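Down below is the structure, laid out as structure tokens.
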Amino acid sequence: MNAKANEQLIEFYERNRNRARLLISCPDQPGIVAAVSQFLFNEGANIIQSDQYSTDPEGGRFFMRVAFEIPGLETREKALCRAFEPVAARFAMDWRISFAYRIKRMAIFVSKQEHCLLELLWQLQSGDLVAEVPLVISNHEDHRELVESFGIPFYHIPVSKETKRAAEAEQLELLADNVDLIVLARYMQVLSPEFVAHYPNRIINIHHSFLPAFVGSKPYERAYERGVKLIGATSHYVTNELDAGPIIEQDVSRVNHRHNVQDLKRIGRHIERVVLARAVKWHLEDRIIPYNNKTVVFV
Amino acid sequence: MNAKANEQLIEFYERNRNRARLLISCPDQPGIVAAVSQFLFNEGANIIQSDQYSTDPEGGRFFMRVAFEIPGLETREKALCRAFEPVAARFAMDWRISFAYRIKRMAIFVSKQEHCLLELLWQLQSGDLVAEVPLVISNHEDHRELVESFGIPFYHIPVSKETKRAAEAEQLELLADNVDLIVLARYMQVLSPEFVAHYPNRIINIHHSFLPAFVGSKPYERAYERGVKLIGATSHYVTNELDAGPIIEQDVSRVNHRHNVQDLKRIGRHIERVVLARAVKWHLEDRIIPYNNKTVVFV
Amino acid sequence: MNAKANEQLIEFYERNRNRARLLISCPDQPGIVAAVSQFLFNEGANIIQSDQYSTDPEGGRFFMRVAFEIPGLETREKALCRAFEPVAARFAMDWRISFAYRIKRMAIFVSKQEHCLLELLWQLQSGDLVAEVPLVISNHEDHRELVESFGIPFYHIPVSKETKRAAEAEQLELLADNVDLIVLARYMQVLSPEFVAHYPNRIINIHHSFLPAFVGSKPYERAYERGVKLIGATSHYVTNELDAGPIIEQDVSRVNHRHNVQDLKRIGRHIERVVLARAVKWHLEDRIIPYNNKTVVFV
Amino acid sequence: MNAKANEQLIEFYERNRNRARLLISCPDQPGIVAAVSQFLFNEGANIIQSDQYSTDPEGGRFFMRVAFEIPGLETREKALCRAFEPVAARFAMDWRISFAYRIKRMAIFVSKQEHCLLELLWQLQSGDLVAEVPLVISNHEDHRELVESFGIPFYHIPVSKETKRAAEAEQLELLADNVDLIVLARYMQVLSPEFVAHYPNRIINIHHSFLPAFVGSKPYERAYERGVKLIGATSHYVTNELDAGPIIEQDVSRVNHRHNVQDLKRIGRHIERVVLARAVKWHLEDRIIPYNNKTVVFV
């Protein structure tokens, strides 16, 4: 990363050094919020933001995200988690505490189109997104100069039908189980189930249509053929079914009969980059809880 | 129609008594606009609005809509059309002149849901839409009182699989080839190809999804299942393929994980009525030229 | 109210008979959520939805809305409030419990324009809004028939500069301190400070501009003059300063050079009715906490 | 400009080498379109797009933009203009022909905030915008490296109250009456009337509010204070009255009580860059006709 980005990271660290987020998913029943908030009070926490949602107060599933601040948190990470274990056990919670000052590591995969990559790099630089980017991987050489100008290592790993298995092995080795998130910023290769299994709900893709319309390839061409009056983009977690993973964010833009396929692509680029950046931001801020092939997003 | 609506019609007639719209579709080539505008100038016309579009200036298809005003137009309708024939022939035009003061006749078909019907009736009354509504046809009794309170005849024609053919025959008889437009305002019966053939590009349906996503029944339920972050509605001309006719207008509204199917339906109702009313308005104002299962809409 | 609206009310009552909302505003400090949720747990409450917001966890103001369900709530209203008093006192809370099954009473004031009135009446009928409307007051006779057709008493109270004081006295007498909300549905008279003082944060107005642009009269004319590319509407609580009360909701619609003042008014009507209806819905569902001439809206 | 941008320019030139746009503003009267289209037909032009607008067909002002293609246009520029003169004289037209292959020269002025500058540079590189950028001028040193990395000369001209006159003189000398457009991409200095007079309707500013709300400084702070529910941005031509020039484009984004001033600025940055880029694109494509302190925008 370059100097400006580094500064952003340091400033972010200082601002967040006592902050964490508790994420919970469990069967709903009375008493959960009381137990959680009593726990946080006992630990001396200041609650900064709290959101919750229940699919049904009777027999449904309960989701919660609490952002809080505890002085001296860095030295008490483990103790805090251990202290929460009995509460979690009592309500059969899936849970985790994410420490906000631990800056997430995000890999970016990209092919030839650069607009989503550029948006991410700029938002990282401006501080709108906060993450460390240890590497960018591409199946083309095109964006090496751009990526390296941001001080980020760039790896060119070509992919063909024959080399796909080897390419993914190389990618996994580079990732080294040491990234929190992989962003497919218009990466035009389908990842194998084996690859996806390494990063469940940690790979975000941008699809250039308003899903579930136009699943698969050439969505702008098909949108043009169908004569739609709005085009869209969808960011989602990658699963083994093509373009069918949990949707994180969608947006659209108005088009009309004057717009040809090139126009749709141009207009679409602006929706894609915004919709992808929002999803990445929410993931980095631990705002997304995937459930049942959908997402609960606390914004 | 009741008194207020009648007043609106009279006022509209006065305001438009010299107005017409020329609609053209033909192979593109140089000289079309020159010929058309020279023709209108020779006829003493004031051009009020003119729009055109070409799929490609070389070898493409050309579309044009000109709204104009000619003093004493009412007495010269036929002469004007005859005078245009040589121009039309020269460029192999599909064309028509629609006289704005000839108020269009619009039938409304409705089932149990009333929001689209209500929106149309209200916009007719306020003058946002201008049409005569000679009848409302429903396969249920529910909305008789409402419709009749607007002074509009209401016909209850139940439809079952067995009676569908007879029901459509009855509908066609009531319509008597004397309506310019049929609006399916949440009419939950599929019309037969025979029926549709009577009114090509003159039946507008509102589908409660962002087509081509969720073609067919229960779109809100399926949108909920898929976890989309926007829901939409689509107005389109009816063809023989279900929900696949030329799209006229679409719009969307943002939803999130908190919204259950009932919420989606409630939010969706507001999009549906707006999207349907816009399409109806554009049809009544001769702003839509269907072509190639798509629409050119001059707004 | 007519039969259909009555049915809606009964159904609503049944669905909400054990439901209430606790609304809190107090200086932020640790322990509030723990205390509130422990209280609710002790009372046997199921939390249905809970939202909170703090202007600043240190030294800021804290706002909370909890929707909950307690079996047999109707017979325990007073006991519940009494039980909460010590909690409220401990944190210096402004608070209230709103019992959801106690259907709110809403008066509507209207002048000549009917679109906002109509939207409210229809949303009341469809169940999108739930309230009892004991009366509609207008300074014109125009909408008597419409209002009475919904089974709602209509009062015509003309207002001139000379009669304003007397007119307001008559209005207050009709309201009899027995409404939860007054909606100014395009009521074109400015209420006196004396009147407003009777219903602080309980009078909702719709202003036909994107406030603070175009405060005061003729906003569409001024928007046209200024050549804006979006027009808007704003719903807000009425205070003594014209169009300067706490904003509840705003929305806009795109316009262009082709639209004259009449077009802006027509397009604006659709924004106005939607923006007003949303504000009314949120007020009826106790989702709005006014503070510091702004609103916290928990949706 | 760097290699990629250069490639875009060459490709653009090739695609547009026979293309031009005729822009007209004149008193409306019958026969204008006939005369213009006959002229273009006689000149062997293919009309690619044509738009027109009249404030009123009787006694109003008429505006027209025709994009057309004439083989060998480059060698006939002067002849074409001369040939049009009699038509223009007949209708008392303000007019110009803009030859699309003559790539416009655009200067960018910027202060410390970089998002608008970045968006322009990026869209220039991707070909979404087509212009030559002979220079970027800033009152701060900050963006030299960025600008020069795009191969664009960067000039640092500090401005204080005392040096303003001298600074503007230096700016004007650098511009050398040889730019078609000056873009104020968050340039936080007010230009003097003398400077503005050099570039009437050729300086585009982005104001970070939904004008006419929050004219002047600190609009996000004031939007926060007022508690608005949407924030916006406005691009406009610069005149001598602050933030009061003809509006070209506006857009808004939804905000709520949770957003503090910093959040509004972050969200606003994304609206600003989009709204500015749209205005610049329309100017470069000769789609804007300013009139009466408003704009006719043919898109």
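Think of it as A, B, C and D in the order they're written, each chain with its own count starting at 1.
In this text, contacts are C-beta pairs under 8 Å (C-beta built on N, C-alpha and C of every residue); 3 or more make two chains touch, one makes a residue touch a chain.
If you're wondering where the values come from, they're calculated on a predicted model, not measured in any experiment.
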(request) Would you mind naming the chains that touch chain A and likewise touch chain C? (result) B, D
(request) State the chain with the largest centre-to-centre distance from chain D, centres being mean CA positions. (result) C
(message) Quick check on chain B against chain C: do more than half of the interface residue numbers occur in both copies, making it same, or fewer, making it different?
(response) same
(request) Go ahead and note the Å separation of the Cα centroids belonging to chain C and chain D. (result) 43
(request) Please compute the C-alpha centroid of chain B, do the same for chain D, then give the distance between them in whole Å. (result) 37
(request) List, in ascending order, every residue of chain B touching at least 2 other chains. (result) 49, 53, 258
(message) Applying the document's contact rule, which stretches of chain C touch chain B when the two form their complex?
(response) 49, 114-115, 118, 122, 126, 128, 149, 258, 266, 269-270, 274
(request) Show which residues of chain C lie in contact with chain A when the two form their complex. (result) 30-31, 33-34, 37-38, 40-41, 44-54, 57-58, 69
(request) Sort out for me which residues of chain B touch chain A in the complex. (result) 53, 210-214, 226-230, 232, 246-252, 256-258, 292-297
